[in-house]
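A short write-up of the structure that comes next.
Per-chain numbering from 1; labels A, B, C, D and E assigned in written order.
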Amino acid sequence: MTAPLEAAEPAAAQAAGPGDERSAGRGVLRYALSKAGGALFSIAMVLVGTFFVFRLLPGDPVRNLAQGRAMTPGQLDLERRRLGLDKPLFDQFVDFVGDTLRLDLGTSYEYKRPVLDLIGERIGPTLLLTGTGLVIAVSLGIWQGTRAGWRQGSRFDRFSTGTSLLLWSVPTFWLGLLLMMVFGVGIGPIPGILPFRGIESVDAPDGFAYILDVASHMVLPCLTLVAVVYAQYLLVMRSSLVEEVSQDYVTVARAKGLRDDEVRRRHAVPNALLPTVTLVFMRIGFVVGGAVTVETIYTWPGLGKLFYEAINVPDFTLMQGTFLLITVAVIVMNTLADVVYHILDPRVRSA
Amino acid sequence: MSLLELDDVSVTYRIAAGEVPAVRGVSLTLDSGAALGVAGESGSGKSTLAMALLRLLPRDARVGGRILLDGEDLLTMKWGRLRAVRWAEASIVFQGAQHGLNPVRRIGDQVAEPLLVHGQAKPDAARKRVHELLEQVGLPTWRARSYPHELSGGQRQRVMIAMALACSPRLIIADEPTTALDVMVQAQVLTLIKELVAEQNISLIMISHDLSVLADVCDQLAVMYAGRVVEHGPSGDVFHEARHPYSRALAAAFPTVGDPASRMAPKGLGGDPPDPMNLPGGCSFHPRCPVALDECATLDVDLWPAGERRSAACVHVRAKEEAS
Amino acid sequence: MTSVAAARRRLALSRFWTDFRHHRAGLIGLVVLVAAVLLALVAPLFISENVTSVVAGVGKKWAPPSLSEPFGTDESGRSILLMVWWGSRTSLLVGFLAALLSIVIGLVVGVAAGHFRGWLGGALMRVTDWFLVLPSLVTALVLAAILGGSTFTIIMAIGITTWPSTARLIRAQTLSVEARPYIERSKALGGGHWHITTRHVLPNVAPLLLASTTLEVASAIVTESTLAFLGASSSKTSWGTMLRASYDFGAPTQGAWWYILIPGLAILAVVMAFTLVGRALEAVLNPRLRRNA
Amino acid sequence: QDPAAGKKIVRIGATQAMDSMNPFLAVRLVSTSIHRWMYGYLTVPDSKTLQPSADLAESWKTSEDGLTWTFTIRTAKWSDGKPITADDAAWTFNKMMTDEAAKTANGPAVENFESVTASGQELTIKLKSPQASMLENPVPIMPKHVWESVTDMANYDAEKYPAVSSGPYIAIEHKKDQYVKLQANPNYWRGAPKINELQVIFYDNPQAAVAGLKKGDIDLLGRMTPQEFEAIQNDPKIEAWNTQGRRASYLQINHGATTTDDKPTGDGHPALKDPKVRMAVHTAIDKQKLVDEVQNGLAKAADGSIVPPLYKEFFWEATGDKKVTYDVAKANKILDDAGYKKGADGVRTMPDGKRKLEFRFTIHTETPIEDKLAEYLTAFLKEIGITLTTVKLDSSKFTDETGVTGNFDIAISGWSVNPDPEEIMATHLCSRRPAANGEGGGTESFYCDDTFEQLYKDQQKELDRPKRVELLKQMQERLYTDAPVIAIYYTNDLEGYRKDRITSITPIPEDKGLLYGGSGYWPFYTVDAKVTAASGGGAGGGSNTGLIAGIVGAVVVVGVGAFFLTRRRKSVADERE
Amino acid sequence: MTETHAGGTPPASPPKGVEEIHAGGTPPANPPKGVEEAIPPAGRGKRASHALLEARDLHVEFSSRGRRARAVDGVNLAIGEGEIVALVGESGCGKTTLARTLLGLERPTSGEVRYGGAALDYGSKALKAYRRQVQLVLQDPMGSLNPRHTVYEAVAEGPRIHGLADENEVVATALSRAGLRPPDRFFLRYPHELSGGQRQRVVIAGALALDPKVLIADEPVASLDASVRGEILALLLKLRAELGLSALVVTHDLGLAWNIADRVAVMYLGRIVESGPVDQVLTAPRHPYTQALMSVLPESPERIVLTGEPPDPTRIPGGCRFHARCHVLASGKAAEAGVDGRCRSERLEILPAVPEAQAACHYAETVS
């Protein structure tokens, strides 16, 4: 949770001539391709890693899958053949890669259904929750970070830095429990006013009321997720802005007669945003981790909960499938962030 | 009437460790169309003074005295008025040109920005003006679409100058515009500044620690030491026959190639530069002064007339003037 | 010249201390931290593992905080105060060891990747990048689930998933140190790889490492508790397992807020202390940040 | 508009989610429960005696040799109006016998079937060997006309609504991980249930479920832990339901694990092979204390074996000499007499002096109650000079080591027993031991005892119920005295429902029986509830919508206000250097 | 002979004769080991006896972003014993690269570095031994000192690497030689507690601690205040006088060359285009590039500002490498002399490493 921040190092580049525009475009493409190559490599590593890690499981995988239920030898054999465990390791690996590439993630033993289907059902709520959470966290974090960084040392700055450090140190699940206790269950005379289970009421109304219903269900999980995640963005934005503010061009902008907020809006913030936005994407993995906890606590029917269930059963095919998906998604997001950063920042664009 | 008048300007930084008197009672005047050079070693308060002129100092700096631009005191001016003065009447070229440009915005936009901010042009006209300015500083117009990192150091410095010229100010403050530039490029930039000042009747304050460069560009020279002006006068006089021992040492540090006197005889000033937080008593130069007298340790000498339109802060000067 | 070296070290320490003292938050953090560590260390002198036993010396169940039980008791009548005290040993141990593991791997990989350009550095960087993008909590959960949730496994899982950020940091720092002219000078004086890495790179990286270690410990403690809460850890009494138990035994519905609050606050306090100290250290030791401060 | 208004709805909380809507695949308790409410079976346990009684099978008879069973299927209709015939049942069983995938959930139930045929309403099942528990068949009868077309059973999720069923309820909606909605089946042969809708709402988090019950989000919650139960016990709106449960908890002792070819396997402690040591261990356990401390008194100490007292018919309890009572001195004496000498450290050694009596106690990870139990047992055994160390294993490893490899000394175990105890008895048969290659298994004790085997075979064939009951009791006695397992307590069934919502509900068995935890649909067929008021009295989020909307509105207003305020402030005071 | 400027402050005017003594190549008081055994290759008698450190036909290339940058593109340069040579040129012309290559920090693509008459051996042992003889002083004294090391440690680093005995003694001597007296007052200081000039003295002391024969100084005073520069330059002169130290001073400042160097080499785009004794080259520059460099000095009457982009070592023009920016060619003087064609197309020979004044220019060759 507390990886120290690394600012992007601007690459010095020497270029000449108007033709650079085009070559810069080609540069981005080349960069994107090389990044995509890197991402593919990472994904390949994930595949290999997953295959072997899950082969490290102690005992007989089929019996692991059976979780102690009595199975007839016929069933065991069937299962074994179905899983291709009768083949040599290398063939298994080839099959595994092939299946994965064909998006066949196997069948969940617990749910008796293709893992991909299960994931498909759960991905929507997760995207809704993490998406909303991320949007709120990012905008809040960036807004507050901007204010704090701009007036460094002000009361607002000390307050928000303090709060974010506090939130940073809070274990997500604990915060979730507390929020649930206070706002969901209700404590003492305070009645619990917010729903704290699932994504919608059982007798969910239709139309706009339905949206409100879902929204009300989202309040607590979102709050938990945001509280923990946004602190990071605040700190990143703040330090990034502080870095920018000390740059000479900000003084130049002031000297040009720009108003304080113009200096901030036009110069400091856009520049500070560049590394921040990248970091936002880079920390996607962290958000995913938060989602697992939050979804578990609030019974949010998302991927995180699915993963948690898989861990707890344990349902290894499901675990493997969700793990693969989450990891690949995070890798893809990271790569995108890299490329987007490259498009946005002219300093590295032509490099 | 003089364009700029500094009256007993002082700047003190308040930092955790105490107070740093960076500028201590500087009084100078600048006529319109004139060029003033400010020299002095590192930490003598040159940049601080320059920044104080446009009230650009960080909040922990306290400025005292008066800075009159056209008779208006910049230090007590309303913010709105100050913003209008900034750049439109007095612009500034900063020490490191590399960092004075926003790295992620195009050159053209940055040069045009003051024009738009001060409402001197509509976007279209501004673009034309930008092209004009770039040509004026010897850059091809297509450079307007470049980003700062695509330019060499000299080119960036020229962009800064173009930017400073954008609103046709009457005063340009150039803080070490050529340090960190290559000799050849330095020559180009200096030539450019010289030309502009001569042609456009712009007043110039140029800051450098290279006395020879200043002597070349400016009519007047002020030498600063430990936050004070220790010598002031026409540039040729100050450079060639300095009255203050510090100015003398500074001038001697730049040998004239071909002058046998300086061959195999580098000259310099012994001792360490003063610590602004812990200035020596008396004349702050006395610990390093080759001609210091006993009284220098206790006597704080002010600027003293030292010939025609000249002044210097040294007991020797005072003694001489008093004698004559 | 040991005397010179010793004098220098003393000087450096006192200089560091003077700087550090200016960070009030860091100082408070340090006090909390030292107190927590000391308490954890001396715990066996006063109490024993028995405080976590449901058999030995249990009191009233679900007793709210009172004078005799300042933090109340849990579902078996054990004292929350004593459990938190004893549990701090596991939490801190896991935190420190996981951070140590992560730091050691990160340091070796980071310095090697920064010092040796060429294919070795490139390959190390690729591996690091790969590990870096793995969502750490999720990976740690998988590892803990597969390898079983012993304390050792938890430490491994946390260490393995967190070293890459350290490695990146160390590498960046190594690169920036190696770009300094004094490395060139050292080479010109005849120094080899070993000399340069141990005499120049390591000492320059060390402060950063110290700061990042404290932050890493903080994150390891949180991760441990999260893993424990999500049921991937079966380790001995730690703050995380306490919270898990409070949840399992229905503290929220029992209204036993103290059972949830106290271990959580313990985590919060210690993690916060580590974070504050880490940030203060960073500010004091990392000139880049110092410039901004 | 609240769609729930004017209906009688009962919401049941479950701390598991459905694993599958396909009864051929579903194994989770919640799924099988829901399927029990949806589908008819050949027979169901009688609501009073728990003995098999008619369900879809109106009547049945069996041949002399006990190998042929003929069931007469009731004339009734599927929920879609099609008639229910014996063909449906035959298809269901045949599907399971021929399709490996269809065996997933209830494979063993058809293991003994030779053939199943139908003609009209007559269903004929031929068995390979006699089977007294034939009437306890756990397979729901599926509508052939709907299911026939399913080819890939392993991947069929049966998510078609409304489902075609024959039980009291029809599933009309299933939101994964969220809830299942069941509607009263008007075509149900007993007549439609009293309520309109039964909803099963899934909670991941038991605490949330308990809170939901207290808040009124759900009306009934079963399968609570003692702690959860305590939390609702004093709630005036909640009826706390505390009755005897279906579950027996016992210790599994590695008394010399062997494989089906009688070769020893695993690394069990040799001392445990000695029945005297097992007896001593048994004697040293204060079961009542465990009940009081570990189960908060919400259990019954076991003086019998693995069938809980709920099943009065089959329950056997030791009396007189046979009864093992807690007596540390006696336990010590047994061991002293048997030559297990205490060493200087208070730990006994084997008579040959080679090994100390140091046993492992294997439990599951993440089961706090087992943790507690382990601590108590350790303390008990310490009293008699035996050291116990706890080993925690995750469920798959646990199964492996305690059921296949035999790498344990003492392990925790427990079983929820069906009305007919045959299956749980079967888990102690020789044949359930793993094969030499580690395959098969399903033993609960590695037990292999000739007497026990014989009794089992006898009861299988014994169609006279009282006689069979007697045989089964003898088996329990054998397990008690031989002690391959030591029963420690029978946990209570702990449930709770809202008195203000549920007006009546009949447990099964009707006398102090179970609600959600019970087998069969009886409680939920008989349940009656108040009509949901139009305003949505206290159920779910729907009622809060207005409140929430208000809050959201307020937040928006405050936000906008704050925004403009800061704007204004900014424009006034943007000046700075 | 050294009495006159050993006193610390430089005398007002240079003592007559210093120049002659050093430029003439008086045998050093303590010749480096191995020099005498190394037999100079035949045919280069004069040059070899003069040269202590020599670059022969040195080429250094980098590949940057797919292009080859010929940073050093054929350099012959010799530094005699006790001689101070200044290397001047504009930014990016390869001065630093050449200096680093001479130290063995960069490997030449072709050509060789010779020390004491023998080619440099890049084995790690040999290199280490070589670096006792040839030492480096960098431009930025703050950067060349590890901020975490005290002055003592900074100076002792070399002796420690080379396992010299009597470390304390060595450090103290080196510091006092570098003008930091009394040395023990500085032992425990950190670089940030020193002024710029003092820091540069510490760096120099660090080099001196190894008792080198040659000092390569890369812009040693560029980052120092004008008033301090003279001091450091005087120190270099003093060291030469006291220890017979040879030096290569890389600079872009012709005044500095005039101040202290015996000989000057002007470099342009990876090559030396003019070299010779300082008083000859700087008073009568022959190469147009040198002339341009001279002309931008503030005192000079008329300024020749070179046009065109700064030189790019990835794109070295054909013909004379300077022709694109050459004002002699541009003003038509070359055409007058009839060499303009050659300027554009004919490559120039690499200048040999001789002490006499010479220039690589078609025009200068024809005119003189």
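Please note the rule applied: contacts are C-beta pairs under 8 Å (C-beta built on N, C-alpha and C of every residue); 3 or more make two chains touch, one makes a residue touch a chain.
The chain list, named the UniProt way, goes like this: A, C = Peptide/nickel transport system permease protein; B, E = Peptide/nickel transport system ATP-binding protein.
As the structure is a prediction and not an experimental result, all values here were calculated from the model.
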Chain whose mean Cα position lies farthest from chain B: D
Which chain's mean C-alpha position is the greatest distance from chain E's? D
So which has more C-beta pairs touching, B-E or A-C? A-C
How big is the gap, in whole Å, between where the Cα atoms of chain B centre and where those of chain D centre? 88
Expressed in whole Å, how far the mean CA point of chain C lies from that of chain E is 51
As a quick test, compute the distance in whole Å between the mean CA positions of chain C and chain D. 43
Expected list for chain A, residues touching two or more other chains, is 16, 57, 180, 185, 254, 259, 296, 308, 312, 314
Where in chain D do residues touch two or more other chains at once? 205, 211, 214, 366, 394, 397, 575-577
What positions in chain E touch 2 or more of the other chains? 309
In the complex, the residues of chain D that touch chain C are 205-207, 210-211, 214, 225, 227-228, 230-232, 293, 365-366, 368, 371-372, 375-376, 378-379, 392-394, 397
Of chain D, residues touching chain A in the complex: 1-4, 9, 11, 17, 19-20, 22, 25-27, 100-101, 103-104, 107-108, 111, 154-155, 157, 175-179, 181, 199, 201-205, 208, 211-212, 214-215, 217, 366, 394-400, 403-404, 432, 438-442, 536, 539-542, 544-545, 547-549, 551-552, 570, 574-577
Chain A-touching residues of chain B, taken from the complex the two chains share: 51, 54, 56, 83-88, 91-92, 94-96, 99-105, 113-114, 117-118, 142, 145-147, 149-150, 152, 163
List the residues on chain C that touch chain A in their complex, please. 126, 129-130, 133-139, 141-143, 145-147, 162, 165, 168-169, 172, 208, 211-212, 215-216, 218-219, 222-223, 225-226, 229-232, 240, 243, 247, 252-253, 255, 257, 260-261, 264, 267-268, 271-272, 275-276, 278-279, 282, 289, 291-292
Please give the residue numbers of chain E that touch chain B in the complex, ascending. 9-14, 18-19, 90-92, 195-198, 225-234, 237, 252-256, 258-260, 278-279, 282-283, 292-294, 296-299, 303, 305-306, 309-310
